[in-house]
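Both complexes below contain chain A, partnered by chain B and then by chain C.
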Partner chain A sequence: MSADFLYGIEVVINGLMAGVMYALVALGFVLIFKASGIFNFAQGVMALFAALTLVGIMEGQIPFAHLINATFGTEIHHFGWHVPALLAIAMTVGVMVLFAWAVQRFLFRHLVGQEPIILFMATIGLAYFLEGVGDLMWGSDIKTLALGLPQGGARWIEDATAGLGGDDFYGFFIDKLDIVATGVAIVLVTGLILFSQYTKHGRAMRAVADDHQAALSVGISLNFIWILVWSLAGFVALVAGIMWGAKSGVQFSLSLIALKALPVLMLGGFTSIPGAIVGGLIIGVGEKLFEYLIGPMVGGATENWFAYVLALLFLVFRPQGLFGEKIIERV
Partner chain B sequence: MKDMTESYVTEDGRTIGDVMLDLRNITLRFGGVEAIKDISFDIREGEIRAIIGPNGAGKSSMLNVISGFYIPQEGEVWFHGRKRPQMKPYQVARQGIARTFQNIALFEGMTVLDNIMTGRLNYTKSGMLAQAIWKGKAEREETENREKVERVIDFLEIQAIRKTPVGRLPYGLKKRVELARALAADPKLLLLDEPMAGMNVEEKEDMSRFILDVNDEFGTTIALIEHDMGVVMDLSDRVVVMDYGKKIGDGTPDDVRNNQAVIDAYLGVAHDD
Partner chain C sequence: MLYREAGDFKTSYVADSQTFPIAFDRYRYWVVLAVAFLVVPFFITDYTANALLLPFLIYSIAAIGLNILTGYAGQVSLGTGGFMAVGAYACYKLMTAFPDVNILIHVILAGGITAAVGTAFGLPSLRIKGFYLAVATLAAQFFLVWLFNKVSWFYNYSASGQINAPERTVLGVAVTGPNTPAWASYLVCLVFVTACALIARNLTRGALGRQWMAIRDMDIAAEIIGVNPLKAKLTAFAVSSFFVGISGALFFAVYLGAVEVGEAFGINKSFLVLFMIIIGGLGSIFGAFAGAAFLVCLPVVLKLIGVDLLGWPTDLVAHFQLVIVGLLIMFFLVKEPHGLAQLWRLAKEKLRLWPFPH
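And now, the complex of A and B:
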């Protein structure tokens, strides 16, 4: 096999891996949109906030340390302990559940029955508010997320595949972190699908997504389901935050990954969990392959815009996405 | 007139028991408009109770008060001899009061079977993990729930459409699926908001038969709103008549039929107030 062809395959594999990362973010959007019809602009910031909180807890940082020091003239920064990773993750999940409750209690409970655009605006406000809170709680410096996840090229894959091509080919380069991310994503999606199909609360979640009145009449508490959904989205945000944070450090630009999730949602549909995955993979592979094949002809940097152009095409020709619920209207 | 304080047996052999739901001096306002004005009546165990009246009389509002969708400004709701605290609709549903809606509220994206299964949600008590992997108690519950749902499906004769997405069904069948979902919850009290609205004669006959059978076979107490006077007179044990938010008649179909205020309301007589 020629080295060019093999590099092409490597590009596809790496595209799939990148797609998994996009899909992780898109998943959070789908969960909330499905259950409440709210397009949650804050999903990216939630990933950032979750990652910040995780690092903060692990490092034993005192939350709001700057604020406390500025107000009381103290000089405190650290508790002086380190929390083990698993415990810190559990505590962060707790924080995200608390956040979900607060969002429901203080924001969306007062907006029940409002137009979608109002709800969307509220999530924009929420995004900036949460970014500010993240800054105030944990500081704005770039942090490293030292969870001990494997990183760097997987040597054994390189060694095992080096023989496929000629002397120019050194084997497939695949980041170990991407492999881990893929594994985590598979577990996460399987779990979410099992949850929504086979458990009482999953069924209730689908019921609420479909019709509020009907859901109430069979004894489902809308409030509870919304808190549950936001908690799930918070959990998904934490997973996305961990993966992206491990890849590129926990910094405030992390919140911008939400923008990359948008084209994924256009492709996959806003209401489909498998759609988020497939959409993510298509965008991932598409942009890497496009950059590899067409990029050199147009001067490169196509990864910045390819996804959006693809999404635009979908908007024109298939607005419900690949897997979105078809709009059936009986007349 | 029958003695309304003791249990009695109807002509067709059904036992009507004690008061199950007692509405006392209910007043409901929307802004300045009084939709319900100081209405009291009760619903007894095992009976079919109809609420009738011209359009805009406040019948649906009354049903919404019972099911917790509206909160009356004044008055008390007593259920099984206890004063009910203010409740959310889902809490009312969990007390064993199921309902259907005038404009049908179904889960359009789900199949008929899944829709009816949601009626069983509150009968699932096992842990979340057990449900996901379908083991032990969860498996037993699921089997029980499915058996119940299948009985309801057989009963309402909708086997042929059990896998059909509800969004594709014609109106009459949707009404029947909505009834099935309410029945799946094994309600003590079933509230039906115009179960026969928009149906043709044949569909109405089917629905009437189902309502009678539900009451007879499951012993379910039923309160229903209906416009078709013939249907109401045939089905119900007792009838409440409302007009402009007020109660203008209450009694057996025969009592109500001969009530001058009711005749006026239906035939249209100038109101003094």
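And now, the complex of A and C:
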């Protein structure tokens, strides 16, 4: 096999891995959209906030230290302890549940029955608010997430595949972190599917997704389900935040991956969990291949927009996405 | 007591269907225009022009444009920043290619070019709706910014990748470039704002505006009663992009003078203009002004309070600004989904009955 062809395969594999990362973010969107019809723009900021909180708790940072210092002229930064990773993750999940409750109690309870676009704009407001709060609480500097996740290329894959090509080929370069992320994503999706198929609350969640009023009439508490869904989305955001944070540091740009998850959702359909995965893979492979094949001809950095244009072209032919429910409109 | 219809008799259809049916509103409108044109230019300083008035006027045009698309025609767009960039770069190319032509014509032409680009990106709206469309407009945002970054023809092969507005004059007074007096740039923007607001107001209450609103309220029903969705949606995109393009051109040529596309016309600009029309009020020309004024003043006021009064570092104030903008958006959506414009309407209703509300 020629080296070019093999490098093409490497690009595809790396694209698949990147796609998994996109799918992780997209999952949170789908969860909330299915259960409450809210298109949660804040999902990316939730990932950022969760990762910031995790780092902050682990490092023993004092929340709002910067603000307190500026107001009272004190010089405090850290409590002086370090929290073990698992405990910190549990505490962060707690924070996200609290956040889910607050969002439900103070925002969306008052917006029941509003048009979807109003709800969408409310989540944009929520995104700004959460971003500001995250910065105020933990500071806006770039933080490293020291969870001990493996980094760098997987040497053994490189060595094992080096013999495939000619002299120009040095084996597939695959980031270890991406492999971990793939494993985590598989576990997460399996867990979510099991949860929604076999547990009481999971079934209630699907019932709400099918029909709010019918679910209400058989005694399911919408309020509880929505808090549950937002908490789940917060948990997914935390996982995504950990993975992306380990990859590129916990910083503001983390919230922008939400934008990258949007074309994934459009491709896969807003209402389908498998759609989020498949959409993520298609986008990941598509943009990496495009950058590899066409990118050099047009000046590179096509990854910024390729996903959107791909999704746009795709939607013109299939407006509900790959796996989305058919859009039926009645007058 | 002054603010009511009583005694203000209409004797013709034209008088009956005018924009301001109440005499007090008409006088107020003329007073505002007179103050803006005849008083403000004599008191304007560089600081008030650059920090408050110019951004307010320019964002007002963009907000009117987006309001036509989102508020009147119901098509959510997140590509405003990209379309502003088209206006700015079109204006730059025209300014450098035809230096003898008046800058005002260039700005209008830039609006026209943006309208064409906007219509092209509006084509998918015929197939896709709602969120899907909102995300689709992100394609325009990212693609256009990338294009202006990568293709050096757009910035005349300059080494920095920036575009700089050369000096151009109107009636012998410089309106672009570093030697522009504050009042001149203010007046140029004001003329465009007034013209745009007039055009938008009259478009939205005419046949075209009614078609847009029919499409917004329910597109299938609108189609059944004879509204052509192709025409309605594409004209909404075209008119909206025209205004947004003009605001982009002014933003670059008159306000900033030098622009780097990713920084000046990034996704944040799209959101900023969207927030303006949410806070101001969807589907209202006054709302576009109110929202623009609000979001232009907010950082200035916060900076005054935070940095100058409380002595906080600027980054802290910037974070607070995010929190407050987010809170305000949520607050408005919960309390008053129709924005400042609705508060204004309510105030006017109350005023009509004052001081005898029963």
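Side notes on the structure shown:
Here, the second predicted complex is superposed on the first by the 327 of 331 C-alpha atoms of A that agree within 3 Å, B and C clash if a C-alpha of one lies under 4 Å from a C-alpha of the other, contacts with A are read in each partner's own complex, and residues count from 1 in each chain.
Convention: a residue touches a chain if its C-beta (ideal position, glycine included) is under 8 Å from a C-beta of that chain, and two chains touch if they have at least 3 such contacts.
What you are looking at is a predicted structure, and each value in this text was computed from that prediction instead of being measured.
Bringing the complexes onto one copy of chain A puts chain B beside chain C with no clash.
Of the two partner chains placed by the overlay, neither chain B nor chain C lies in contact with A:Val112.
Applying the stated contact rule after C-alpha superposition, one finds that A:Ala207 touches chain B and leaves chain C untouched.
Of the two partner chains placed by the overlay, only chain B lies in contact with A:Phe195; chain C stays clear of it.
Of the two partner chains placed by the overlay, neither chain B nor chain C lies in contact with A:Ala90.
In the superposed three-chain arrangement, the CA centre of chain A forms the vertex of an angle with the CA centres of chain B and chain C, and that angle is 90 degrees when rounded to a multiple of 10. By the touch criterion stated above, A:Thr302 is placed in contact with chain C alone, chain B being left untouched. In the superposed model, A:Val218 makes contact with chain B only, not with chain C.
Within the superposed three-chain arrangement, the count of touched residues of chain A is higher for C, of the candidates chain B and chain C. Superposition on the common chain places the nearest Cα atoms of chain B and chain C 18 Å from each other. Overlap of the chain B and chain C interfaces on chain A comprises residues 330.
Of all residues in chain C, only 76, 124, 127-132, 134-136, 138-139, 142-143, 145-146, 149-151, 218, 220-221, 224, 267, 271, 274-275, 278, 310-313, 315-316, 319-330, 333-334, 337 touch chain A in the complex they form. Only residues 67, 69, 88-91, 93-94, 98-101, 105-110, 114, 117-119, 121-122, 124, 128, 131-134, 167-168, 181-182, 185 of chain B touch chain A when the two sit together in their complex.
In the complex of the two chains, the chain A residues touching chain B come out as 191, 194-195, 198-201, 203-204, 206-207, 209-211, 213-222, 325, 328, 330.
Only residues 39, 66-67, 70-71, 107, 110-111, 114, 116-118, 120-122, 124-133, 135-136, 140, 259, 262-263, 265-266, 270, 298-302, 304-305, 308-309, 311-312, 315-316, 319, 321, 329-331 of chain A touch chain C when the two sit together in their complex.
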